[in-house]
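Take a look at these structures.
Two complexes come next, and they have one chain in common, chain A, joined by chain B in the first and chain C in the second.
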Partner chain A sequence: MASRDIKTDRTWRAIALSPTIAIFVLMSVLPVLNLLAMSVNEISWVAGHSVWKYVGDAHYGRLAADALLHKGAVNTMVFAVGGVTVQVVLGFLLAWVVSRMTRSRLIYRTIFILPILVPGILIGAIWKLMLNYDFGLLNGALEVFGVNPIDWLGTPSLALPAVIVVDIWHWTPFCFLLLLAGFESLPQDVQEAARVDGAGTWNELRFVLIPMMMPVIVVTFLFRFVTSLKVFDEIYLLTAGGPGSATEVISYTIYRTFFAQDRMGYGSAMSVAVLFGIALLIVVALSAAHRQRGST
Partner chain B sequence: MADKDPGRRDVFAGAAALGALGTLSWVPRTRAQTPKVGPFTIVINNSPWFDGFRGAVEAYEKESGNKVNLDVNPFGGSLEKQRASVRARDGLFDLLIMNGLYYQEMYHGGFLTPISDIDPSFKLDPQMIRYDNTVYWDEATKTHDPKGKLMSVPVNGNIPLLLYRADLYEQNKLKVPETWDELLDNAKKLHNPPRIYGIVQRGARGSPNDISYDWWPYLYSHGGKLFRDEPKSDYTVTINSPEGKAALDFYIRMAKEAGHPQTGGLAQAQIIQNLATGRAAHALLVIAAWSQLDDPTKSAVVGKINAARVPGSAKGKPAPVLGHWLAGVPKNVPKERQQAALTFLNWFQTRDAQMRYMAAGAPPVRQDVLSDQNLWKDPKNRWMPAMAQSSDFVQLMWSVPEGAQIGDVLELRLNQAVIGELTSDKALNMIADETHAIMQRAGYKTGKIAPL
Partner chain C sequence: MIPTSRNASLVFHLFLIGVALFVLVPFVWIVAAGFKTQISLLQGEVFFTPTLASFREVLFSKTTEFLANTTNSFIVATASTLVILVAATLGGYAIERMNVPRWLVHTLLGWAVVFHMVPPITLVAAWFPIYRELGLDNTYIGLTLGHVAVHLPMALWLMTNFVRDVPIELEEAARIDGCSTPFLIWRIVVPLVAPGLAATAILMFIFSWNEFAVALNLTAKQTATIPVAIAKFAQGYEIKYGEMAATAALALVPALAFLLFGQRYIVKGLTTGAVK
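Moving on to the complex of A and B:
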């Protein structure tokens, strides 16, 4: 009787899961398999039809020598690590301050989340105008203080930091929201106990709040880090990867290879390599987080 | 300048005579003459001449009663949509507006229906400019042989002109430059940054093209070429020749001595912005931007800018490049929609339609309109002589379907040279290596010359 129940349970579990599995296969596995197939072929168009020519691992072999892809990988890491670290720190501080408020918390929360509600295309337009060399608001303000105009988006050493600043402005509210939810879910009695024991604001933050918030901080960082590796819209709208290759990032390199150059085979090989690279990063980061949780 | 050249004068007289003949033979089409057809969709880019095209489409709809849908996109977005549509089983767009840098992939890929296959009676009006015969395609020889089939109808004849501040020229008693050296001299005389820059150049890494289009007239007029002999199928990459280096060095020198301090960040929009706000004394720009510069709501220099042929390395040897647009009908759309698109094109090539097109702010593509001396007299059309005088010298950048890949290489490496990330030698050698690799992969007869 018991074994029949287990069998029935398994059957129902399989039936219940099958739509999800079917959707997953259809939406994720098949596109990845298609990408893999494209990555080992050179695809051209003759008489209105695509012609696939098998090239084996030739595209993958070329990846190693692609200087632009390497530059894109380095810039992407700088962008993700630099930008997300600042976003999490700022988001944490803002969330901490707002969590201590009693009256105007709702007003500040609404104000702080405004940037994530602005569509990417508008952010591109707003910041491109603000950072414009000849007519930008920022250079206009500098001029008041007698400072010469700066080409924020056209100077190789400044372009990537300028785009990172835009990303920080755009995504800090997201970190703020997640971290505020974390602060709001902390047990109040521990904090009260710390205060009764004479812990000041700094000590409470350093020895009570940060350790208790650490899991939320790690998840927030990881979540933003992974999405940051996929940055595209800000680069596309603000710098188009330039000047030179100063703001080249992986997504933009893939986009240009696929769509501007129409090299579908090579673009697919790039995509597959990046896909596995990011997956590997996530696995490593999650295991590290898991190990850290285990050790505490 | 051109007027001193008897050869040129003969050409203009001939063009004017041809124009007069065209005018005589022209009969205005009425609503009754334009057949009633079903709705169709045009996919087009939102370039500076788009308002003119929209004006022409609205005039067509009003006159014919036919419905036209416009799918308007950024430059790169239009190409992406066109590719997706022509590669699908059933196409979404019935008329593709293709740029001179990528129409080749539509011809080579076999995505378009020859116009005579849709309607054998369709004839391209003799007054329509052929733009280096790029409207034709010989499938057997893969060339633009006029004996091949008519594949498209021109819709825009973008070529760069030298736009300059005529008021400052008058104040400073300057002569319109015919050579790059003369242009540099004039630009230096007017260079007074940040109030005004002697010249603004499209030095940005474009998406899809800025700096390569701006630099190409320098390359050609210095005697440089991308390939040794493209018409004879010799695709040996020669861009890193001493002539190519001289052209790039001069371009960079111009930027350093009389240009915008951030030339490497300037795309077409910023060039127009600088001209319109009176911050630039010169620029090479397609005439499509003219309507904005003479529009009092958008420009601080209305009536102050004039146009001339782009200079050359020697007098009388300018080398403007084609950045024109062609309209083609895809294979994978229903016959009735192909017919509807062709009905529009047939109307579009009439003189009346071209006059409306021009009135709406776009440069015409009929020779009789372009060389109409009566139109030249109107001050708002003061760009027309320069445009007409340029058409004899105009050249294609390339005709291979790998243009999108090559363009991407050029944009990056030329921009790196302008911002100082690479020397001109290294940039040109890299362009040569990467272009050679592209051509080799595509199976062309190619080669390289000794690096610089």
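Moving on to the complex of A and C:
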């Protein structure tokens, strides 16, 4: 390899990296800088061009006292923690049972994967009809048992749980898929040894499978957790944050402020706060993971 | 196959069948709703005479935009997938095999992680004013760039993983034979990562096809994609439930096709990086 020309190598390297770096700079770095600039200005549109008026840190000062934003942050956390916990537990159970199947494994996997591939907005549309007060399937089923129809999405105390259930329906399959791959990559000999030693199904699950699957379980949880913080599509269609602010989530608050109300400066300040919050979350998570790896 | 008692096995099968029904019933119900008349739908009829009226309305009526929306979705999904594949394959190869300085690798992969986690709506907010000044809003290029930016992080992550599995000995042998870098990438690396490339391609296409938050805010009537069109149905003062259900049923077709013909790649794409 001594014959390789270092200069040509560098040229090819620069060429290979250039599309990624171009996207990185043009679609991430510059827009985020622009976002920072917008966040300290009041912006209006005049004849297709934006007019900026400097307001200093006024927007950031307002963030702290914004009740809707707080509600959005709290709901997003409830949504993510509650929904993802159920998804991982259910997904684990499903993956465990399916991993024991031989002939029917592919059929079940095919069925369970379907919701992952369907657009979020379509999931929203399906469940908006399913949960409809007048003719939805759920109220139709309740009627059979003589229960009065329930306004699932219009009752403040029920709307968030209903949206979480829809999310569980949508994303448990993804947890199932990751965990099934985890089960399939487990060494068989350990399970066989446990069985030879007379471990029953329950003991095998508790003392062998769950501990061995722990790394995959943690990754699945974290992966789903961060993606569910982004929730927007289903909320947009099912409840639009309502009734009142019962299902307000961060993404929807930003959308409402920046796009629906045209308050671009203030909306930018919200976006910046969320960007930094998430970056902070990553740094904390990474350093925690680092420390844990260091101690064991 | 793990030997289990007959009873336990029966319980497991009943459990799985129950869950499978829970997954499938909403889909079946929405497709059935597409075949109902508005009246039959509103009365919640279980037994009904199927009619094609809603589908006909969605597909062929004068006011419908479903086919235009489908074309838009197809153009943007194809274009963004192609751009992502080129960028991610070259980028992933460079990161794995071309002695890129560590600070740059960390910056790019760090960016990939952060921007995978950030809600897309914050990015759209960042792009929107720039797009408007440049006249990029409501254009295919604008939306395509948006989808590239949102999904490239994951593709870069995947392709870096796939390139890592290419045996370095093959590359060294090719080098000794006097193979140039572009030739090496095109004739040695690309064929070897082909299954990974297919997995990434299918996922990127599906992600773009399904994407809503970016498309909602960067498109108008002429460039609206299918998800935007579905959302519009649900928002009018007088919701046309039948047409909404028919649109939903039609929008399910690509997902079903991917599931039947590309499942192996979808599973590979979704589990790589998470389980490894």
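Just so we're on the same page, the second predicted complex is superposed on the first by the 260 of 296 C-alpha atoms of A that agree within 3 Å, B and C clash if a C-alpha of one lies under 4 Å from a C-alpha of the other, contacts with A are read in each partner's own complex, and residues count from 1 in each chain.
Methods note: contacts are C-beta pairs under 8 Å (C-beta built on N, C-alpha and C of every residue); 3 or more make two chains touch, one makes a residue touch a chain.
Values in this document were obtained by computation on a predicted structure and should not be read as measured data.
May I ask you to decide whether A:48 touches chain B, chain C, both, or neither, giving the answer as first, second, both or neither?
In the superposition, A:48 touches chain B and chain C alike.
Now for A:161: first (chain B), second (chain C), both, or neither, which partner does it touch?
A:161: touches no partner chain.
Check the residue A:135 against both partner chains and state whether it touches chain B (first), chain C (second), both, or neither.
Both partners, chain B and chain C.
Have a look at where A:153 lands relative to chain B and chain C in the superposition and call it first, second, both or neither.
Only chain B; A:153 stays clear of chain C.
Would you check which partner chain A:262 touches, where first means chain B only, second means chain C only, and both and neither mean what they say?
A:262 sits against chain B, while chain C stays out of touch.
Going by the touch definition up top, name the partner, chain B or chain C, that contacts more of chain A.
If we count touched residues of chain A for both partners, the winner is C.
So, A:118: does it touch chain B (first), chain C (second), both, or neither?
Second partner only.
Examine A:82 and indicate which partner it touches, taking first as chain B and second as chain C; both and neither are also allowed.
Touch status of A:82: no partner.
Which parts of chain A are touched by chain B and by chain C alike?
Common interface on chain A, chain B vs chain C: 45, 48-50, 134-135, 236, 259.
Sort out for me which residues of chain A touch chain C in the complex.
Chain A reaches chain C through residues 1, 4, 8-9, 12-13, 15-17, 19-21, 23-24, 27-28, 30-32, 34-35, 38, 43, 45, 48-50, 94, 97-98, 100-102, 104, 108-122, 124-130, 134-137, 140, 169, 173-174, 177-178, 181-182, 185, 191, 195, 201, 216, 219-220, 223, 226-227, 229-230, 232-233, 236-237, 250-251, 254-255, 258-259, 264, 267-268, 271, 274-275, 278-279, 281-282.
Please output the residues of chain C touching chain A within their complex, sorted ascending.
1-2, 4, 8, 12-13, 15-16, 19-20, 22-27, 29-30, 33, 41-44, 46, 83, 86-88, 90-91, 93-94, 98-100, 104, 108, 111, 113-123, 125-130, 132-133, 145-146, 148-149, 152, 156, 172, 175-176, 181-182, 185, 206, 209-213, 216-217, 226-227, 230-231, 233-234, 241, 244-245, 247-248, 251-252, 255-256, 258-260, 263, 266-267, 270-271, 274-275
Under the touch definition given earlier, write down the residues of chain B that touch chain A in their complex.
76, 80, 83, 86-87, 105, 108-111, 194, 204-208, 261-262, 264-266, 270, 273-274, 277, 279, 331-332, 404-405, 407-408, 412, 415-416, 419, 421-422, 441-442
Within the complex, which stretch of chain A touches chain B?
Touching chain B: residues 42, 44-50, 68, 133-135, 149, 151, 153-156, 236, 240-245, 256, 259-263 of chain A.
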